[in-house]
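What follows is a short report on a single structure.
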Amino acid sequence: MIKVSNISKSYGKEPVLKNIGFELLEQHTMSILGKSGCGKTTLLKILAGLENSDSGSFTIDGSDMLHMPPQRREVVYLSQEPLLFPHMTVEQNIGYGLRIRKISQNELVEKVEVMLNELGISEHRNKMPDQLSGGQKQRVAFGRALVINPKVILLDEPFGSLDAHTREDMQTLFLKIAELHHITALLVTHDVKEALIMGRKFARLDAGALTVYPDKKAFIAAPENGIKKEVGFWNELMKEHEQ
Amino acid sequence: MGIKGKFINTTSIILLLPIFGIMYLSFVSQWNYPRLFRDVWTGVNWVSTLSGQNNIMKSLGLSLFISSFVALTTTSTGFVLSRQLSQLKKANVWLSLSYFPYLIAPVVLGVMLQFYFIKFGLNGSVVGVLLAQMLFITPYSTIFFSAFWNKTIHDTVFQAHSLGASGRQVYWQIVLPLAKPWIFIGMFQCFLISWFEYGITQLIGVGKVATLTITTMQWVKEANPHLAAVSACLMVVPTLILLLINQRIFLKQKDLETA
Amino acid sequence: MAIGCGSNKTSEKQGVPNNWPEIEQKASNQTVTMMMWQGDPLINTYMKNFVVPTVKDKYGIDLEIVPGQGNQIVSTLISEQEAGAKTSQLDMMWINGETFYQLRKIKALHGPFVDRIPNNKYINWDSPFIRFDFQQEVDGYECPWGNVQLAIIYNSEYVENPPETLQELENWVKSNPGKFTIGNDFTGMTLLKSWLTFFAGGPEKIKGEFNEEVYRQSSEKLWAYINRIKPYFWNGGETFPSSVAQMHQLFANGEIWFTMSNNDSEVDNKINQGLFSENSRAYVPTYGAIQNSHYLGIAAKSDNKAAAMVVINYMISPEAQYQKMKPDVWGDHTILDIDRLPQEWKVKFNEIPGRQYAPQRSEIQENALMEPAPEYMIRLFSDFRTEVMEK
Amino acid sequence: MSKKITLVLYIVITSAPILAGLIYALLYSFGLIGILSKGFTLRYWKTLFSSDAALCMGYTLLLTMASIILILAISLILSYQLSKRPKSFLHKVLFIPLTMPPLIMAFAVFYWMSPGGIISRFLNQLGILEEIESFPRLVNDFWGVGIIITHVLLIAPLFTLLFTNQVKKEKLMDMADISYTLGGDATQFFRKIFIPVVLKRSKHLIVLYTIFLMGTYEAPLLLGRSTPRVLTIFITEKLSRYNLDDIPVAYALTSFYSVAIMITVQIFLTRSKNRSWA
């Protein structure tokens, strides 16, 4: 179980995160909805170990994460940019995390093979990143993260730079694979629909403060998320059309 | 079209003239006005140089040593320093410190520092010249590499960490491969700056550290354009060959510089 | 001898042993750095191909030559003093009167040492042109190396009767614009000193210590004269060559018809090298030309004084002086008194082939002028810039 | 912790020498140290703004401006032409001057363009030039023609390369078509769009090279006149003169020049956003 409590961070006098706390069960995905600049990237970076928090704690199954160097946390951060290693092929990129874990060559090849197939990119295995499309790159980035079986994946607007169509494909793909690999994930997005599709648990980050909703219903009902308003708009439109 | 084409062709020819000029001067002797050649071309300047009858070959060796050493040290120092700087909050402000030593004319820098070099017994020695050159080439190298450490590199580095790579692994497996073209070009640039240097080498070296530029100048002062030209050719031709081989890499560098 | 004994103690302190054999012993396998003007290929060749290998063979001394004129020597040694350097980068240097003056002033010269070197006994100390350097007694702080007289070189194809007086020169320059100039360098200033001597009213007037009044009056006339004919100089008098090498190049190109040399026999070796046309001749005008000697000094902070002394002793040996005096080697007149030399050397010196294109020494000796005090030179250098070049 | 050490090391490498050098130069220029020092005086600084030093500063500035303007003009035209003909031979040749040190370039210019040089000999052989005097004075001349030509040969090719790359990157030539559809002609495009865009993008670079040119040394050493002189020559000459009173003046100019550079860097380079860092 992931447990985050009282995490705060400020840049100078500017508070960015205020007493963030939540719990997340294994194999669950929590969607955090937030506008840009609400502190969501900072939160993920703290959890991943890229930045330090001023206070608070972060544990996975009871062991402290905040004082562990990022490479030992097994918390993988995925950003909007796929950030593939440009000097490695698709295969090498996906196998990178395994290679540094000194896994046997056979096992490595096998795992990478499985991942390539699951992601549907096996025909691109020998390509370099600059030969791939945006969606393909993002798949490789997922594969690279998932193949090492991390404890948590942190997704920072992972589909933000993709076009609408590719985006839907990727969302479905992620759900499929997350289930397959029993992934625990934290997703931040500004897109309500994406939050709803991907999440099992829901929260909202606003001006550095986190609200965790008890369930999906509460998330939909909360006026600040604007879902009701959106639905109202479409209903009105439908009604007008029907008349 | 015709006129403009001519313009480009003329420019091309003009750009070739300096190098043709020095090659020509190295193959003539007894160059009395208005003669262009005496009777035939002569290899005497080259023969005497290559057979070690003058100090040019010695200077070539010394220059190669100094410039290679300076290139290696300044490139590695600049690379490391620029990385550390890039992680600081006010990286830009810190970086601006590098502009001063790099932009002040080397000979004036030499004038300002001569006192200290003498004080520490470094004048007139190869070590002194190495140090003097490093004083302004290291900042250059730092500025050069600071452009490498952009957000994408930092994010990629973090990505590798996040996948479980240790600091050393990230450095060898991610950073260095990505930086390879930069390091290559940076080193070439630093080598050239040192290779081209005259002012501060003359001042701090007290003429004792006779690099190729110093030797060339000495022949010029002696009004012996022919040996000066041989010496000049030895400076230009190696860089030219290196450049022609690596023109594509060099082209890429221009991308880096404007980036 | 009296001076020698007196200086023994100080010399010991300065790292020079008391007697010559010990000095030679201490000198072996040392490296001596000598700073000298390297603007003349023949001189460089003489040093590189003759002196350097011989001192290596004979004494095991590595003589390292670095380029630098008098002013660079002065500024190098001044900077070292200011920085409080314990040892100097330079061991010995080739100097001239004004450098000698400056270096004495800042106490950068080692000495007296000349009376301690064996070949001192052959030096022609009777000649005032050797004993006095720019009116200053040498005092053992520098050792004479060669003696030269300024000679004007002209192309006899274009100039049939070279001007013998300043008036004639003025007329000639005005009727042949663009063909004459003065170098903004040591040689040029040496010519100006002979002109200054003329305007001062003769050598007697300018003798002795620097006299501000004499300088003011004579230099006023000098600048007026030069500025009057300057528009007819090479390049309209807008620029002046900055070195002898540049002057010679212009002369060889035919851009100018006069050049000059501090070495009266230079025209011979320049023609032999094929640099000057065979119609080139040298002469000394009737108003005279400065004759002076050039010297070798040892840096006070050299840590190799013994080796430097050995090198200097060799450089004034009959062997080295004889080689140097050959017109096709350098043509620099010896500072030794030939009459005092052993018979074999006497013969050899007398057999040195005469000059073909330059006047014989004996002919121009009567037109030789003494160097005035060094301040004249220093003032001429800076005033030439402000009074002529920048006007 | 190691970050702090690196930072200290960095400051020691970059700033300490400059600062130490500046302090020395300042002390010397105020007569506080040096072989002839007689205590504090403003004498040397006063001469800096009256005598030949002022002339030297003005001359350096003029020479720099003339060089940079010519360099910009030539590189702009060349890069425009090159962008239209990407496969030109010039592309290959542009690299050659980058392999030449300033000293060698100045040397080459001297022996091409002096009255006794190669061009003059050619003209003479062709019978066009009868006397060596009729050849125009292009080196060691008053206007610094030789120096400026050397600067142009050294820097214009580099600028042309960079500009051409800039144009490619910004797809500037595609804009030409837009400009034509809006009724502009080629000249208008060049003047109203090409030049401003390229110059704006290269501001940083232009300032950098202007500062470089202010400190030019080798070219004037070989091709300059005895008067007026550029700054670097002035300083080195004053330092090695028999008149020891000239040394503090040289240090005064040294201090003045380095402080001026620092201010320029502060104004033009640090404030303007270094894009690579953004």
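In this document, chain identifiers A, B, C and D correspond to the written order of the chains, with residue numbering beginning at 1 in each.
Methods note: contacts are C-beta pairs under 8 Å (C-beta built on N, C-alpha and C of every residue); 3 or more make two chains touch, one makes a residue touch a chain.
What you see is a predicted model; the values in this text were computed from it and never measured.
Compared with chain D, the chain whose C-alpha mean position is the greatest distance off is A. Averaging Cα coordinates per chain and for the whole protein, the chain whose average falls nearest the overall one is B.
For this pair, chain A with chain B, the centres built from the Cα atoms lie 48 Å apart. Centroids built from CA atoms put chain C at 39 Å from chain B.
Between chain B and chain D, the centres computed from C-alpha atoms are 17 Å apart. Shown for chain B are the residues that touch two or more other chains, namely 33, 115-116. The multi-chain contact residues of chain C, meaning those touching 2 or more other chains, are 72, 82, 249, 253-255.
Shared interface positions of chain A, i.e. residues touching 2 or more other chains, are not present.
Pairs of chains meeting the touch criterion: A-B, B-C, B-D, C-D. Of all residues in chain D, only 33-35, 52, 55, 115-116, 132-133, 137, 140-142, 225-227, 239-244, 246-247 touch chain C in the complex they form.
Those residues of chain B that touch chain A in the complex are listed here as 152, 155-156, 158-167, 169, 173-174, 177-178.
Interface residues of chain C, counted against chain B in their complex, comprise 33, 35, 38-41, 44, 64, 66-68, 72, 76, 79-80, 82-87, 89-90, 243, 245-246, 248-249, 252-255, 274-275, 277. By the touch criterion stated above, chain D contacts chain B in their complex at residues 3, 6-7, 9-11, 13-15, 17-18, 20-22, 24-25, 77-78, 81-82, 84-85, 88-90, 92-105, 107-109, 111-112, 116, 118, 120-122, 124-125, 132, 153, 157, 161-162, 165-166, 169, 201, 208, 211-212, 214-218, 222, 231-232, 235-236, 239, 250-251, 254, 257-258, 261-262, 265-266, 269-270, 274-277. The part of chain B that touches chain C in the complex is made up of residues 30, 32-33, 114-116, 118-119, 121, 123-124, 206-208, 210, 218, 221-224.
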